[in-house]
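Before any comments, here is the structure.
By written order: A, B, C and D. Residues from 1 in each chain.
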Amino acid sequence: MSTRDMTQWETAICKVVSRDGEEEIVVRGHRLSELIGRCSFAETMFLMLQGRLPTPGQARVLDALLVASIEHGIAPPSMISRCFASYGTSIQAAVGSGIAAFGDRMGGLGEQLARLMAGHLVPLGDPATIGEEQLHAVAGAIVDGARREGSRVPGYGIPLHGADPRAPRLLAVAREHGIHGAYCRLAELIEAELAAARGGRAVPMNLDGVGAAIALDLGFDWRATRLFLLTARSVSMGAHFLEEQAQDTTWRHLRADQITYVGAEPDQK
Amino acid sequence: MSTRDMTQWETAICKVVSRDGEEEIVVRGHRLSELIGRCSFAETMFLMLQGRLPTPGQARVLDALLVASIEHGIAPPSMISRCFASYGTSIQAAVGSGIAAFGDRMGGLGEQLARLMAGHLVPLGDPATIGEEQLHAVAGAIVDGARREGSRVPGYGIPLHGADPRAPRLLAVAREHGIHGAYCRLAELIEAELAAARGGRAVPMNLDGVGAAIALDLGFDWRATRLFLLTARSVSMGAHFLEEQAQDTTWRHLRADQITYVGAEPDQK
Amino acid sequence: MSTRDMTQWETAICKVVSRDGEEEIVVRGHRLSELIGRCSFAETMFLMLQGRLPTPGQARVLDALLVASIEHGIAPPSMISRCFASYGTSIQAAVGSGIAAFGDRMGGLGEQLARLMAGHLVPLGDPATIGEEQLHAVAGAIVDGARREGSRVPGYGIPLHGADPRAPRLLAVAREHGIHGAYCRLAELIEAELAAARGGRAVPMNLDGVGAAIALDLGFDWRATRLFLLTARSVSMGAHFLEEQAQDTTWRHLRADQITYVGAEPDQK
Amino acid sequence: MSTRDMTQWETAICKVVSRDGEEEIVVRGHRLSELIGRCSFAETMFLMLQGRLPTPGQARVLDALLVASIEHGIAPPSMISRCFASYGTSIQAAVGSGIAAFGDRMGGLGEQLARLMAGHLVPLGDPATIGEEQLHAVAGAIVDGARREGSRVPGYGIPLHGADPRAPRLLAVAREHGIHGAYCRLAELIEAELAAARGGRAVPMNLDGVGAAIALDLGFDWRATRLFLLTARSVSMGAHFLEEQAQDTTWRHLRADQITYVGAEPDQK
């Protein structure tokens, strides 16, 4: 841990320099002006985080993950954003706070699963060499570990409205493009273990879970998992902000009849 | 303006319903599971905001705008994000605050120009029918208006390091895909007017300026302009957060010798 | 407007220096170690913002304003904070976003009224010399101006539950301590004008309105008005966060039956 | 853990009801209108969090803690706030983000120490009954535990500029008002143990450390520790925002010469 002031920074992500009277922006070794119009947003996001452009299959799968994460109705982050619109804030205050709303209980479960899976598989070396039996063993260990702690395995759950169709769809896309690897397989084995542990009742993988598996099979560090959700969902937060703003609502609030006061009464002190 | 509580919401963006024991997510009339793996992030962002899928040309140009906006070195929003990493916050706190940092003087000038240009052109009807002469007149009015107010035209400036190459590159991509319309033309005419008003000295269009023109020629409302910058730049904020975190820095701070105290001294009171 | 980097800062608020191997913190000419235990929080807040300690009367009135602003049930900022607790965020993410929720339509009306009143009275010189007739004229101008614009005078309104008792109570405290000056008087005259304009129906001053008047009569710049609300209400946001966290709730969300989807349906495209 | 929608809330903090056509705000059993002008901000903050008014000694000590926490020069949260001012954001965006900047490495160490100390002492029952020997043993356990983990004890450190005078000053105020109890004693014993472990070299208690001890001896839950810092420091963030805004600076940024690019170069790919 080294304490730093504001005068010395080191980065391998980007440099901005003057060249021939023009500003040149180099992103991980690529001139940004050459990426514009030639590479997609997903390809450039991959480059930004991993330092190299993705293969066509990797680009398609990351794009699919971003699309899967882009919208989920007026879910909590977009509910927050719509409230901010009704309070008359700027769009950036609303989107910024919608993003800040992600925590351990909402939008963080993908990161938790990714950390858990990576913790087990990284020590086993190249994921391509990990066999089915080893993955079965890890799946078992993860499910048993959760049971002993009395906690849930993050990334699997009983959604409010039914099984989450984004998970099987994303796994299919990953398989189609050759990205379905050790982590996607592990995620599926965990799902099977959870069902077995519940007498066959499904505990389906949700977006958090499949997002973790795909991010890791795409080669990202587990610490990047949440960023795909944040970047994609910012579109929802912004779209919902603009719609609520156009509806000219104000002061989204709780009604008195929705709040039960269980505190002390005056004159009893 | 209508005051609302938290129990009644109306949206045309997305619905999430149960269907055959499975959750179905419908985004602007499209099943999300059908968009995943078939539509790109940019196409889906366009759909989210405008309610219809873009033409191929529109998709390419929006993608290009997002790529152009994705990174600019350790610019203010990513500087803030890196500082947060050194303070030991979560990635969502850092990205959320980097987004909240956008204001009137940083990252807001695109929205200001878009509002200005839309204010002049929207009353003139279908942008495709606005002639060159009318655009010249509007450009002149905008430049004159700024001069009278003693203010700058937002979206044009003298960058720290030289002319901004993202602007001409984006305009070329827009032209290539048939998106270069009334707003892009107006933005170019404003640039010419500004140079003329300064005896030929260029006042080049920057990313804010070209972003505004392209967003409007893509058919977006001016109020959406800033969202393209926020969503794209969230990738930079996240990447820089992860890099600073990996560098294990702490407590990015100002040194005492960088601060001049000009207040009262003790014992003088 | 001058562009700055991160190496040169100038402040009259505080300096932190080494002295005899010990750190000395000087706040507006006062050693912080001498303020601790001798001056109240309100007195020190006054010193921080105005550069001098308040008179006893000013200290009491500022303290009263902070207390009046400290809590208002699960009002929007604390509703946001409680939601964040249910999402499993940190207390600082919740309080920070509750503060960011203040906008033009919620929690900003005090600042708007302060700016309006200061805009009229500052050009008239020393507020102590402004006569009753002049104040009447200004009150009339403000009410007429709002009527012509078709807008409301900020700081006055029909609260959801009845007249706001914080306003008359604060005005009484201000009067008791000799702080009730030109701005408090102007605020009262505006209230009278509004009632007259509505055939006698009261449009009572609310916390925003009286907060603006008191902040200005305490000698603060109108731009500081919102800070008293933010600082005081942060206590509510924090207390509500801790209570919701202790209740171990999760995922505060909207139910599907509370959302009406008015967008396109699939298969109609 | 119970999943909740937005329609049912329970709180013992405050109720807002209509009574005789007037709004009545009851805070923990006290009418807010009766607190205004009679109770200080610190007293009301104590009431909000603990549900009862403090003794005079407790009120003085909490006030002292808030004053001690109110300002520390252009420290990170106020540096962030000043940057936001230069970007042209609102004061609430700046203060909200300054608050969100608190993390594990900055401004969070008080909470960590409070949790650590409470973890050891709460099981021992009424703090007033814990003897000096037990406290010695706990201090030793805490220091040994940190050494084994290879980590630092939070709340003690070598400040940049010398020993922190706020700690001894606050401990003196606590002693003066009869608040110096088991936690303050424990914090002092930890300081002694740390010095002994370093051959006599002092590792002085800082504001984080003494704030934790005082908060706990005042009877607060360790989870509330950070709130005293956030609320108090919001004043600094606001004051610094207003000063930077008045200085009309723009775009606080890093210079190119302060950034070393260590990434790939173009044309090497």
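One rule holds in what follows: a residue touches a chain if its C-beta (ideal position, glycine included) is under 8 Å from a C-beta of that chain, and two chains touch if they have at least 3 such contacts.
Remember, predicted model here, so these are calculated numbers, not experimental data.
K.L.:
Can you check which chain pair, A-B or B-D, has more C-beta pairs in contact?
P.N.:
A-B
K.L.:
Expressed in ° and rounded to a multiple of 5, what is the rotation angle of the C-alpha superposition of subunit B on subunit C?
P.N.:
Best-fit rotation on C-alpha atoms: 180 degrees.
K.L.:
Just give me the whole-number Å value for how far the CA centre of subunit B lies from that of subunit C.
P.N.:
Centre separation, subunit B to subunit C: 31 Å.
K.L.:
Averaging over Cα atoms per chain, report the distance between subunit B and subunit D in Å.
P.N.:
37
K.L.:
Taking the mean of the C-alpha atoms as each chain's centre, how many Å separate subunit A from subunit B?
P.N.:
Subunit A and subunit B have C-alpha centres separated by 23 Å.
K.L.:
Hunt down the residues of subunit A that sit against at least two other chains at once, touch-wise.
P.N.:
Counting only residues that touch two or more other chains, subunit A contributes 1, 6-7, 9-17, 73-74, 86, 90, 92-93, 96-97, 100-103, 105, 107, 161, 250-254, 256, 258-259.
K.L.:
Can you check the complex and tell me which residues of subunit B touch subunit A?
P.N.:
Going by the criterion above, the answer is residues 1-7, 9-25, 27, 32-33, 35-37, 39-42, 44-45, 48-49, 60, 63-64, 66-68, 70-74, 82, 86, 90-93, 95-103, 107, 159-166, 169-170, 172-173, 176, 221, 223-224, 226-227, 230-232, 234-236, 238-240, 242-243, 245, 247-255, 258.
K.L.:
Mind listing the subunit C positions that touch subunit B in their complex?
P.N.:
Per the stated touch rule, the residues are 1, 6-17, 26, 28-31, 51, 79, 90, 92-93, 96-97, 100, 105, 254, 256, 258-266, 268-269.
K.L.:
Tell me, which parts of subunit B touch subunit D in their complex?
P.N.:
6-7, 73-76, 79-80, 83-84, 86-90, 93, 96-97, 100-108, 160-161, 250-254, 256, 259
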